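The first chain written gets the first letter, and so on, giving A, B, C and D; residue counts start at 1 in each chain.
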Amino acid sequence: MSFAEVSATAAMVVGAVAIIAAFSIGDARRRALVTGVLTALCGFSGLLAASGVLATGRPVHAEFPHLLPFAGLSFRLDPLGAVFVLAVGGVVTAAAVYGIGYTRDHLSGRSFQALVPAFALTLLLVPAASSMGTFLVFWELMALTSLLLVLAEQRRSPEARDAAMWYGVMTHLGFIALLLMFSLLAAHSGNGSFLAIERSSSSMDPALRSLVFILAVVGFGSKAGMVPLHAWLPRAHPEAPSHVSALMSGVMVKLGVYGIVRVGFGLLGGGPSWWWVVLLVLGAASALFGILQAIASSDLKRMLAYSTTENIGLILIGVGAAGLFTTTGHPILAAAALGAVLLHVINHAAFKALLFLAAGSVVHGAGERNLDRLGGLMRRMPVTGAMFALGAVAIAALPPLNGFASEWLLLQSLIHGADSQALVVAIAVPLAIAVVALTAGLTAATFVKATGTGFLALPRSPAAEAATESPRSMLVGMGFLASVCVLLGVGVGVLGAGIGRAVAAVGGVRKPAPFRVHGSTLSPPWQVVGTSMALAAALVLGVGVIMVLLRFLPSGGRRRRADNWGCGRTQQTARMEYTASSFAEPLVRVFDDVLHPDLDIDVTHRQESQYYVEKIRLRLGIKDAFEERLYRPVLNGIHAWGIWARRLQNGSVHRYLGYAFAALIILLVATR
Amino acid sequence: MNTTRALVPILQLLLVFVGGPLIVGVIRKVRARLEGRVGAPIHQPLRDLRKLFAKERIAPEHASWVFVIAPAVLMTSAAVTAVLVPMVSTVSPFAQVSDLVTITALLLLGTVALALGALDPGTAFGGMGASREMTIAALTEPTLLLSVAAISILTGTTNLPGAINEIIDRPGSVSSIGYVLALVALGIATLAESTRLPVDNPNTHLELTMVHEAMVLEYAGPDLALVETGSSMRLVIFLGLLANLLVPWGIATGSGVAELAVGTLTFGLKIGVLAVALSVFEVFTAKVRLFRVPELLALSLVLSFLGVITSVVHP
Amino acid sequence: MLLLLVLLPVVPAAAAAIFGWRRWVGWLGVAASGLVVVGGGALAVHVLDDGPATFESLLRADALSAFMVIIVGSVAVLASWFSVPYLETELVNDLNSHRRATVYAFLINLFIATLVLAVLADNIGVMWVAIEGTTIASAFLVGHRRTRNSLEASWKYVILGSVGIVLAFLGTVLVAYAAANTAGGGAEPSLSWTALTEIAPRLDPDVMRVAVVLLFLGYGTKAGLAPMHTWLPDAYNQAPAPISALSSGALLPVAFYAIFRMRVIADLSIGPDFARVLLIVAGLLSLAVAASLLIAQRDYMRLLAYSSIEHMGIVALAAAIGTPIAMSAALLHLFAHGIGKSVAFFGSGEIALSDDSTRIADVRGLATRRPAIAVPFGLALLGLLGLPPFALFATEIAITRAGFSEGLGWIMAIAAILVLVIFGSVLLHAKQMLLGTPDEGVRGVETGKGFAGPLILGLAAFAALGISIWPIQHLLHEAARTLVT
Amino acid sequence: MSRSAYADLLNLLAGIALVAAVLTLWRRKLIAIVRLLAVQGAAVAAVGILIGIDNDSATEIVLASGALVLKAVVIPLVLLRVVRRGSETRETEPLVNVSASLVAAALLITIAFATTRAVVSLSDSPEAGVIPIGFAIVLVGFFALATRRKAPAQLVGFLLFENGVALVAVLAAAGVSSVVELGVSLDVLLAVLVLQVLTARMQDQFDSLDLDHLQELRD
């Protein structure tokens, strides 16, 4: 048994033991500890299995024909799946360790503790599935366990219940699309295994292949939080317990991307260019819409959820570009774009999970999620503050950290791909570059807002005032992810070979190889290694040198604490600070035709004179455009249909006999 | 032979570190002259810095480590960019790393650090400055990247020394409308990024109109000096980038010492000319209202996008 | 051996008649149903080894009927096990008289006996008599509570049921008539399945077409297929929970057993397309009716009834596809749905007892108030919505895949969309009942510990079927083979 | 008895049964409707006896005469007892007014004849010729069942419907063995008894036999 197989079986066994332990251990605190540790071990061995497969390139097989009636389970973890299992393993390890501290007091129920390892197991198994039945059963199990986890705190918050409703229905819509898609493929290829489908899918007629691709985009897009189907994401992720929303936002949405790549490139082996343009457009729309909603929202976890939609948009742009390059005959560029996509999948998993864990720590410490009521946490919760700041720098794609590495590679592949002869590429790719650039800028602004108003300056509410640092296990969880962000930022080469194998394993895309373009060699994705290594060293060195030099100044580097100058005003209070809404107000004003903010300001004057104002209250409500114009009418229509349909069963026995009579007459006449 | 290669980054660092305040002095001097004033000597900003470095270091009582580290990060990002951007010679140990996309990201890092530093003291003006600065930075980012895309599509690579060598060797490949559009857009972005006049008045005293100045109100002494030098170095880097892309001739392409001297001289000349042009431009334009700035940046975005389209269709 | 199986439930019925309702009479009923299941298993082993078993000319058992006996037996075990605490609670809180409990105990076992007879009958006439017997036996069970509504429900149940079943008898007569006048003439033509399947190709197509329509409408009524489904919501709403469970879990599958048998003869005599069109129309109509009436549903018992109509629609579609995989998926679907629906009905029965109302709006925060009821009920609902650990997930995937491989892709797509609407509506109603903060104290009756047994056994079986059907795989395959012409 | 006389007698009796069914649509009083039901029951049973005599098999004759007693005497008496105990003796305005019902009956008869053309053509025995009339009675009975407002009237409709099926069964009864025949009639008897008990219960709970009271169970 190879190293990968050993660690894969270890992951499954330890996961199962974790579930059993969650049910059997009596004492709540010990239960949280044991289950957390076991889940972390399960995640870590999943990580090892994935890295084993990536290192050797040999897939791991497993067959269980007797399980799952009529289909049987069959697993095959190939390098492409391994990249996603790598991300899952890492985030599961961190979230499990974090969970020990986070769920010690209020979420230590047996069922909740058992659901987390179950959810982790399904996340590990979905990329490893290699037949229609296996994939669908673990996809639906993943949806079910995450739905129950979102309901963990349903007693206290009605929003959690609504969120679970939206989430349940949207994921089932996705499941139905996937079921129809896989049935189409399996009907054509005879049996449900992915290898058979891959061999026979080229002989399907193009209209069916396009239908399969559209269904895949709908099914996987709804899970990934792509724009028209994203409504559940900003609702469900914030309501789930933080380490669960880290798992959901960090890696579960990525399995939607895995699906699109597996079906688009693997099973169907690429397709006409309009497929990829559709994906590009949807990705761009998701990126822009996601980041604009993120800027406008002042709820910390909701902002992070919307920023997940934005990052998924960037990834979809990468996948679309990769597909476009394969159709217009640039396999090496396609490999570079796909490499950027896989790198960003891992990077985003790391820093998004870190940000959600930090947000969870803020909620745990300060009990408040609204940025307008937080503040001053950097001094009260130094470690969480530092972790959040590090995550923010990473997500804003600023140099030393991993966000920059994948964004750099994505832009490289787009820029180098732009100058191809095909007209569709010449129009679509520059647009994509513009969207990626705009979202990069807006992301930076969003996370300055979040870090600045959330953590710096004076606390804006008593809850923030009384904030205390989170327990040690939460900090360890965050620390692990932070170190992953730094490691991937500085030494992305460690992943290079593995991602190369993953890209090659996808099929339809050639193995990435260095190529010369007008004088400079660009060997995706390794060239970014040199850049980020040197950059990180230079930056850290520079800051260190300057801080030391300041010591030798005449004033001896001692720092005097004094009152703010504030243009001559003393007596600084928290009410003078810029809040998240006011920080984002200029950008909301610039993009008001997309966000449709409904801003109402009511001013209460003093009785004596109309010119003296007693109180001004501003309320800024941002509605999700898609919800208002797309979901609301559909739901109202279905409800009206339900109300109308009550007439069918109105209780009169005569009407019921009338139905039977009419059926008899019609059938008799029809068969004559 | 490779000693000169190692010399280049240090030379460029010194050149930018000292040249930054000098250029600001030159701009103020030319501006004063045009407004009929004598104006302070060119090296006045250097004297101010010396004075500031001698003062004691002050921080607001409830500010966290972010306030302290922000100036250092701004200074480092400027210094690293200065080393990367080929100003005096295209031959340097970091040529492989010097990439247009990386440079824009480094500058964004400096802006983000300063904005966070401004938010930390918790004054109204710090928040206002940070909010406006980030808005402008968010809107100039696409322009920068698109013009970078246009240039690299035309010259075939995003690596800056490679691009400049390309322009020097085959000026024909660059002589298209796309290149001009890209540079015009880059120019507008430079004004916005270094908060010069049309976007923000550097020597205004009315807090409500400030963008950059409002952020640094709380800094004093050595921290203020670091911020000031950082900002001026960024201005020089932008002007150097523009100059080398517009008029690359004269930059040292080999590694001879003489070539290096010639390169430094021509770089100094080019920056001086640009600085004078900038100050003349500033005298004749007024500050644009904050909510007109997005329209200006939208114009530059469209220009750079057209630059990319035309450069793609052109070859 | 077959006669023994049919007579087994009669023993507790007789005991109830003689001694009236006692606890041990209830447990005797459970034991009898248990023996039916064991008998069914033994029968299955016997049939698989050396072919169908027969008893005179009346009873005959092949793989399909053995499987149906197992289905009827297992649902009967669950229902009679749940009836014991259910009746005890009713008697303790004097919601019902001792006499009616006796009638209940007598009739439920009679009901089970007629179901077993229907499945084992060799002659389509005898099968008809048995199924009509089930209607009569369950008529008073539906009217168990002697309220106005239960009277209305039982009136509609008998009228609509009998009309349908008499149409089926007309169809049976026409089949006999056609058999009598086949080209070959032949000896005294009996109505046994084997005889009919042999001469089916020579039956007169036009007469058979009318006969098939009548048989399909008749047995479709008992199977709850639209447009003959109207009795089902009222009957399940008013009947005591174990009876609704037994009817939904055993009666509907037995009616489908008749439809499957009839379809074999129809396919041989008039070609497969006629019956396929009928089944597709009925299936889609049932799904549409279930979907539209679940959206704004206000009563959770009726919700479960419409869910039964939905699942019968899915089984009809599977039967329409007709491939061996689709047929075995349909049979497993009937089995799993029977068990899952029984657990759901038991849960709703407990809720009705504890909250004294069957309206969804009156039940709030059940998960916090009564986890012992809420958890099994919720899990059963999730299973019925086709979520993985439970069996309906695997069957729905197999049916959809078989549908696409038979070229019925569009129909499967429409069905899938309707199932999605149903998923959303049921999830919404379940959220209304189970989640949230409970309001004031207990209104209805305190339900004791006795109820947990059948719920847990049912859920375990429901999940086990979903994970692996290894033990009954061979039986299922044989049963499906008999149904495919 | 000569073949033609036997065929004419069969047609006559079946015709009487059909006319009785159609007349129930016309009459308004419940008692009159029950009497018509008795007439129809007698006619159907007579057909059974006639066929029994024709095949000269003793069991068929015994069975048919038993059915005669049951359908012509026992069931109508039980129904009359319930109707007299109840207050209203008149059928209120039925769902479909009388003239429309009669037109519908005519239409249904044509449909019955059309659908059973294949059945008649299959065998040339005199009984086969009468089957379409049996079918017509089935459809008219179903229509009556579906449109009457009063419970006893609906019960009568059901019995008409069932008599039609019994007639078809007797006519086409070559293969249906005696055991099944016995089971069928037993089941029908039980069904009628159950409906009888329910009607009685409806009488004391709603103290009216109008089916419009039975409309609370709705969605």
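Keep in mind that, in the parts below, a contact is a pair of C-beta atoms (placed from the backbone, for glycine too) under 8 Å apart; a residue touches a chain by one contact, two chains touch by 3 or more.
This one's a predicted model, so the numbers in the text were calculated from it and none came from an experiment.
Q: Spell out the chains that contact subunit A while also contacting subunit B.
A: Touching subunit A and subunit B alike: no chains returned.
Q: Check A-D against A-C and say which one is joined by more contacting C-beta pairs.
A: Answer by contact count: A-C.
Q: Counting only Cα atoms for the centres, state how far subunit A is from subunit D in Å.
A: Inter-chain centre distance comes to 70 Å.
Q: Can you work out the whole-Å distance between the CA centroids of subunit A and subunit C?
A: Each chain reduced to its C-alpha mean, subunit A and subunit C end up 44 Å apart.
Q: Let me have the rounded angstrom distance from the C-alpha centre of subunit C over to the C-alpha centre of subunit D, please.
A: 31
Q: Rounded to a whole Å, what is the gap between the Cα centroids of subunit B and subunit D?
A: Chain centres of subunit B and subunit D, defined by C-alpha means, are spaced 101 Å apart.
Q: Going by the contact rule already set, what residues in subunit B reach two or more other chains?
A: Not one residue in subunit B touches at least two other chains.
Q: Please output the residue numbers of subunit C that touch at least 2 other chains, ranges allowed.
A: Only 155-156, 159, 163, 210, 233-234, 293, 297 qualify.
Q: Which residue numbers or ranges of subunit A touch two or more of the other chains?
A: 645-646, 648-649, 651, 653, 657, 660, 664, 668, 671
Q: Can you identify all of the chain pairs that touch?
A: Inter-chain contacts occur between A-B, A-C, A-D, C-D.
Q: Residues of subunit D touching subunit A in their complex?
A: 95, 108, 111, 114-115, 139, 142-143, 145-147, 149, 154, 211-212, 214-219
Q: Spell out the part of subunit A that touches subunit C in their complex, as residue ranges.
A: So the residues of subunit A in touch with subunit C come to 66-71, 132-133, 136-137, 140-141, 144, 151, 154-155, 158, 161, 164-165, 168-169, 172-173, 176, 179-180, 182-184, 186-187, 192, 638-639, 641-646, 648-649, 651, 653, 655-657, 659-660, 662-664, 667-668, 671.
Q: Considering only the defined contacts, which subunit C positions touch subunit A in the complex?
A: Those in contact with subunit A are residues 155-156, 159-160, 163-164, 167, 209-210, 213, 216-217, 221, 227-228, 230-231, 233-234, 274, 278, 289, 292-297, 325, 328-329, 332, 368, 382, 387-389, 391, 393-398, 400-401, 403-405, 409, 412-413, 416-417, 419-421, 423-425, 427-428, 431, 435-437, 465-470, 473.
Q: Would you pull the subunit D residues touching subunit C in the complex into a rising list?
A: Touch residues, subunit D against subunit C: 115-116, 118-119, 122-123, 138, 142, 145, 151, 154, 158, 161-162, 165, 168-169, 172-177, 179-180, 183-184, 186-188, 190-191, 194-195, 198, 201-202, 205-206, 213-217, 219.
Q: Write out the stretch or stretches of subunit A touching subunit B in their complex.
A: 375-376, 378-379, 382, 385, 389, 393, 396-399, 404, 407-408, 411-412, 414-415, 418-419, 426-427, 429-430, 433-434, 436-438, 440-442, 444-445, 448-449, 451-453, 455-458, 517-520, 522, 530-531, 534-535, 538-539, 542-543, 546-547, 550, 553-555, 557-567, 572, 574, 576-578, 582-587, 589-590
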